[in-house]
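One chain, chain A, links the two complexes that follow: it is found with chain B in the first and with chain C in the second.
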Partner chain A sequence: MTAEALPAPRAAARPLSRIFAGAAGPVAVVVLALLAVWYVAAVLANWSLVAEAFARGGIPATFGDVLAGTLGGERPVLPAPHQILAELWKTVVDTPVTSRRSLVLHGWVTLSSTLLGFAIGALTGIVLAVAIVHLRMLEKSLMPWIISSQTVPILAIAPIIIVVLGSIGIRGVLPKSIISAYLCFFPVTIGMVKGLTSPDVLQRDLMRTYSASVADTLWKLRLPASVPYLFASLKVAVAISLVGAIVAELPTGAQAGLGARLLAGSYYGQTIQIWAALFAAAILAAALVAVVGMVERLVLRAMGARR
Partner chain B sequence: MTATLLLLAAVFAGAAAALGHVHRPGVAGEAGLAFWLATAGLWLLATVAVSRLARLEPRAPAARRVVDAAVPLAFGAFLFFLWEVIVVGAGVPAVLMPAPSAIAAKFVASLPTLGADFVQTFVKSVLSGYAIGCTAGFLTAIVADRVPFLKRGLLPLGNFVSALPVVGIAPIMVMWFGFDWPSKAAVVVVMTFFPMLVNTVAGLSAAGPLERDLMRSYAAGYWTTLLKLRLPAALPFVFNALKINSTLALIGAIVAEFFGTPVVGMGFRISIEVARLALDMVWAEIALAAIAGSLFYALVALAERGATFWHPSYRQ
Partner chain C sequence: MRIEGSAGTGGMAATSNGVQVIDIAGLTLTFDTADGPVYALSNVDLTISEGEFVSFIGPSGCGKTTLLRVIADLERPTGGHIRVNGVSPEEARLRRDYGYVFQSPALYPWRTIEKNVMLPLEIFGLPKAERRERARTFLELVNLKGFERKFPWQLSGGMQQRASIARALSFDPRLLLMDEPFGALDEIVRDHLNEQLLRLWGKTGKTVLFVTHSIPEAVFLSTKIVVMSPRPGRIIDVIDCDLPRERTLDIRETPAFLAIAHRVRDGLRAGHSYED
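After this line comes the complex of A and B, so read on.
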C-alpha cells in the first residue's frame, strides 16, 4: 500500500524527471540535436557556393551576409529545415488543390494507388495464408517460392509491369497499385500463416470435440486468433505499399505523384522541392501507420482484448 | 510411393513432349484446342502428383530432405513450363512477355554486359554500402545500449524511419555524391543503417537476467559481459537485420540508378531497355538480380547457421 502511495508526490514534485523517464523526453532531445546538427551542416554544405556567388558578383560580403545566404538560398546543396517547412506550407496550404504545384494533389495521386494496392495486397495475402494453412501441398510447394520472391528486387520489375499493362491499355492507378500489392502481400501472408496456426493443440482439440467443421474452426478459432498478427503485418504492409507506389512513379516518368515530384526535382536541381516531397512522403507514411494502429486498437477492444 | 514416382515421371515426360511440340513452326503461336486441352490435363495431373509428393513422409531423414526440396522444385519447374507453353503456344508478342527460353538465350548472349552491370551495381554499390551501413548501425546500437538516454531517444526514431520511404533520398544522394557508385552506396548505407540499429538494440537486451547475474557473480566487467554473453545472445537479431538488409540493399542500389548513373549498372539497364521495349533484356537483368539477391541471402543464412548453431530454431 505505502509503496504505491509514496512515489506519486515525488513524481509530481519533479515532473521533468518523469518526462525523461518515458520516451517523449529523450526523443525530443534527440530530434532537437538532429535539427541543430542539420543547421550546422546546412551552413557548412552551402558555404562555398554562397561565398563564391558573392565573390563573382564582386559584392563585399560580411560573415553575416554569407550566413544568411546559406540558410535562404534558392537551390542550396542542403536546405535548412525552415526552408523545407516553408515550401511544404506554400505547396500544401497556399496553393489551390487543383494546381499542378499543389503537394496535396500529388500526395493524393500517390495515396490512391497506395490504398488500392494495399487493399489488393492485403486481401491476396489473407487468402493465400488461408489456403496455405489448409492445403498441405500449397504449404510445401508455394511457401518457399513466396519467400524467395522477396529476395528478388521486386521494385526492379516495376517498370516492366507498368509498360506491359500500359501497352494492353491499362493505365493510371492500377499498374502502380499492382506493384504496391506485390510488395505488401508478403508480410501479410507470413503474418497470417503464423496467426492462423497460433491456436494450440488444446484449442483445436476442443473444436474437434464440438465436431466443428473446417470452416467453423477457421471462422471461430483461427481467424479471431490471427487478428493481432494481422495488424502487426498490416502496419509493415501499408508502409511498403507507399514505397511501392512512389517507386512505381519513377521509371515511367509519371506526370503526377510524390515520386514524379522527386524525379522532377532531381532533373531541375530543385533541392527544396525534393526535400518537401520527401517530408510529405514521410508524413503520409506515419499517418498511414497511425491509422492502421488506431483501427487495431478499436478492433482489439471490440473483440475484448485485455489492454 | 512408386505410384507417385511413376506419376511424376509421366508428368515430366508429358511436359517434355509438350515443350518439344509447341516450338514447331505449325504450332507456335497457333496451337489448337487439342493442345490446350492436353496442357490443362497435364496441369491437373501435375497438381495430383505434387500433392501426393507433399503427403509422402519417408522414414529416412535423407529421403525426407530430398522430398522436401523436390516439392517446391517441381512446383516451380511446372510454373516455368506453363509460362513457356502459354507464351509460345498462344504467340504472346515478346514486347508483352518473352518466353523463359528467350530470356535464357538473351542471358547467355549478353553475359559480358550483365557482368559489367553486376560489378557496377552489386560489387561496388551494394557490397560497400551494405558493409558500411551494417557496421555503422551495429556500432551505434552498442553506443546507444551503453547510454540509456540515447537508447530511449533513438529507438522510437529508428522504428519511425523504418516505416519511411527511404529510397526517396536517392535523388539527393545523386546530387551530393555524383552519378557513379558512391551515391548508390550512400543510399544503401542509409537504408541498411536503421534496421541494423533497431535489431541490434533489441538483441542486446535478449540475454536473460539470470545469465547477467551469473556474469556479475563472476565479477565480469561491462566489456567481458558484452563480448561473452550479450553479443552472442544478440546474434540471432543481428543476423535477422543482415538478412533484411541483404534484400533492401539491392533494391536501394537499383532504384537509386533510376535517378542518374554512368552508362552501366542494373538499374540503368532496366530503365533504358524498358524504354526500348527490349523486354527480354530486362527480364535477363531481373533474373540476374534475382540470382544475386537469392545467393546473397543464402550466404547470410548460411553464416547465421554457422554462428548461431545453438539457437533453438536450428536444433534437430
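After this line comes the complex of A and C, so read on.
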C-alpha cells in the first residue's frame, strides 16, 4: 500500500477501531462467559433425559455419547446456543420467505402489527398527554383510569379484545395492533405529560407577553420542548409494542407470527424452535429501539442539540 | 409599521387624549412566601407620558423587575391603581402593546437565532418574507449579522441577550420594557448599543422603560430617572434628565451630565442608608 493511499482507509477504520478499543474487550468477555454458563446449563439440564433414552434403548453409552447427546438432541430441555443459531440460519436464510417455515415471514407478520400498534399507541399517548396538560380536570379524572389500565394483565384482556373486535368484523392485523397499542401508549402519555409541562416560567412568560393562543403555545413551545421526552418514551414503547404483538398472537391461535411460532413450538415440544423465535423477537426489539434512537439523534440534531 | 391596527390606534388615541402610557398610583405588591410576606412594591406612584425614556435604578432586590412585570401583566398587584395606555395591564397585554426584554435572554434552544427573532412575528401572523426581512434588519442592528443560523448555545451570554433585544424590537412595539438588557455586555458593545437604542428611540418615538444598575447609562439614555430603594420596594426620587435629545457619548464628560449623575448617586446612597 502506498503512502498516499493510507489516509482514506485509516479514516474509515478509525471509528471502528475506537469501538473495539473501548467496548469490545469487556463485551467479548461477557459474551464468552454467558456462552460458557449456557453450555454447562444445557449439559446439566439435558443429561438425565439423554441418559434415560440410552438406558431405555438398552444401548450402553459412554460419558462422551451422553455429552454429545445433551448438545445435539432434537427436543432438548435447554437447547445449546449452536443449535439455536443453526435453527435461526435454517429458517431465516435457507428457507424461502414464502414458506410457512420461514422465520422472516413470521417476523414480518409480527413486525407489521407491532408497527401499526406502535403508531396507534404513540399517537394515542401524545393526544392523551396534550389533553391532560390542557384540561386540569382530566388529570384527576383520566389519570386513575390510565394507570389502572396498565395493572390489568394483558393476557386476560387480549382474548376479550380479539373476540369483541372479531364479532364486529374486525380481524387480521388490527386487533393485534390494538393490543400492542394498549400496552405502549402508557409510557408515551407519562413522558409527554412531563415533556409538555417542562418549559420553565420564563419561556412561558415570553409567550404570555405575546398573548399567544393556546395553540401557538402548544406548537411553538410545549411540543418542541417535549421532543427529548417523547423519544425517551418511544424507545420504551416500541419494545413494549413488540411484546404486545407477540402476546396478542397467543390466545388467537394465530397461524403466523413469532407468537404463533412460540405457541406451535410449545405444543410439539420443539424447544429449539421456541428459542429461535425468542431470539428473533429479541433481535427485532433491539433493532426497533436502535431505529428509534437513530431518528432521535437526527431530530435532536436538527433542533440544535449540542454534539 | 404597526402589526396590530387596533393596538397602534389604541395607544396613539389614548395619548392624544392626554392619557398617560403608564399611570400608577398607590401600587403595592406583596409576595406570600413560606417564610412570610415579601413586600416587593409599596405605595408606588408613577406616570410616564408617550415618548419618554425612563430608567429605573436601585439596589438589587428593590423591586425593579417586579414593577416591570406588573406593567406587563406577568404579576398581579395586591393593591393600588394601574393603567397601561389607558387600559388595564391585561388588556394592554392582550392587544400586544409592549415588547419585553427579560433580564435573561429566554431564547428557545431548539430555534436558531433567526427563528428566535421571528417567533413573535410568526405568532402575530406576518408573511414569511417580511419575517425574514425584519429578523435580518434587527439582528444587524444588534451586531449579530452572520449568526442567523446559529443555535443559542453557540453564542456567548451577551450575544444571546442581544438576540433577545432584536426579538423584542422586531415587531416594533410602541412601548418597550427592558430589564437590564445590557447587563451582560462589555463596555464597548454596551456603548454601541446605547447609541443604537437612543437613535432608534429618537427615530420612532417609542416609550421605553429601562432597568439598569449603571448610573452613566441611565443618565445617558433617559429623559427621566426613577431611583428605587428596597424593603419595601418604593420610589425615593424621580430625576428629570433634561439633556438635549440628540446625544453622543462625549456628553458624559459635560458638567450637566455629571450633575445629574451626582444626584442619582445621592439618591441611591440615601436609599441604602435608609436600610441600616
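Here are a few things to note about the model shown:
By our rule, the second predicted complex is superposed on the first by the 278 of 307 C-alpha atoms of A that agree within 3 Å, B and C clash if a C-alpha of one lies under 4 Å from a C-alpha of the other, contacts with A are read in each partner's own complex, and residues count from 1 in each chain.
The rule we apply is simple: contacts are C-beta pairs under 8 Å (C-beta built on N, C-alpha and C of every residue); 3 or more make two chains touch, one makes a residue touch a chain.
Quantities reported herein were computed from a predicted structural model and do not represent experimental measurements.
Superposition of the two structures on chain A shows chain C fitting alongside chain B with no clash.
In the superposed model, A:168 makes contact with chain B only, not with chain C. Looking at the shared chain after the overlay, A:256 reaches neither chain B nor chain C.
In the superposed model, A:203 lies in contact with chain C only, and not with chain B. Looking at the shared chain after the overlay, A:269 reaches chain B, while chain C stays out of its contact range.
In the superposition on chain A, A:29 contacts chain B only, with no contact to chain C.
When the two complexes are overlaid, the chain among chain B and chain C that reaches more residues of chain A is B.
Contacts of A:224 after superposition on the shared chain: chain C is touched, whereas chain B is not. Once chain A of one complex is fitted onto chain A of the other, the partner contacts of A:304 are limited to chain C, with no touch recorded for chain B.
By the touch criterion stated above, A:136 is placed in contact with chain B alone, chain C being left untouched.
Of all Cα pairs linking chain B with chain C in the superposition, the shortest spans 12 Å. By the touch criterion stated above, chain B contacts chain A in their complex at residues 47, 50-51, 54-55, 68, 71-72, 74-76, 79, 95-97, 149-157, 160, 162-165, 167-172, 174-176, 246-247, 250-251, 254-255, 258-260, 266-267, 270-271, 274, 277, 279, 282-283, 285-286, 289-290, 293-294, 296-297. The part of chain A that touches chain C in the complex is made up of residues 202-203, 205-212, 216, 220-221, 224-225, 227, 303-304, 306.
Residue ranges of chain C in contact with chain A, taken from their complex: 72-74, 93-96, 98-100, 102, 104, 106, 108-112, 119-120, 122-124, 151-153.
Every residue of chain A that touches chain B in the complex is listed here, in rising order: 20, 22-23, 25-31, 77, 135-137, 139-145, 148, 150-157, 159-160, 163-164, 167-168, 235-236, 239, 242-243, 246-247, 250-251, 258-259, 262-263, 265-266, 269, 271, 274-275, 277-278, 281-282, 285-286, 289.
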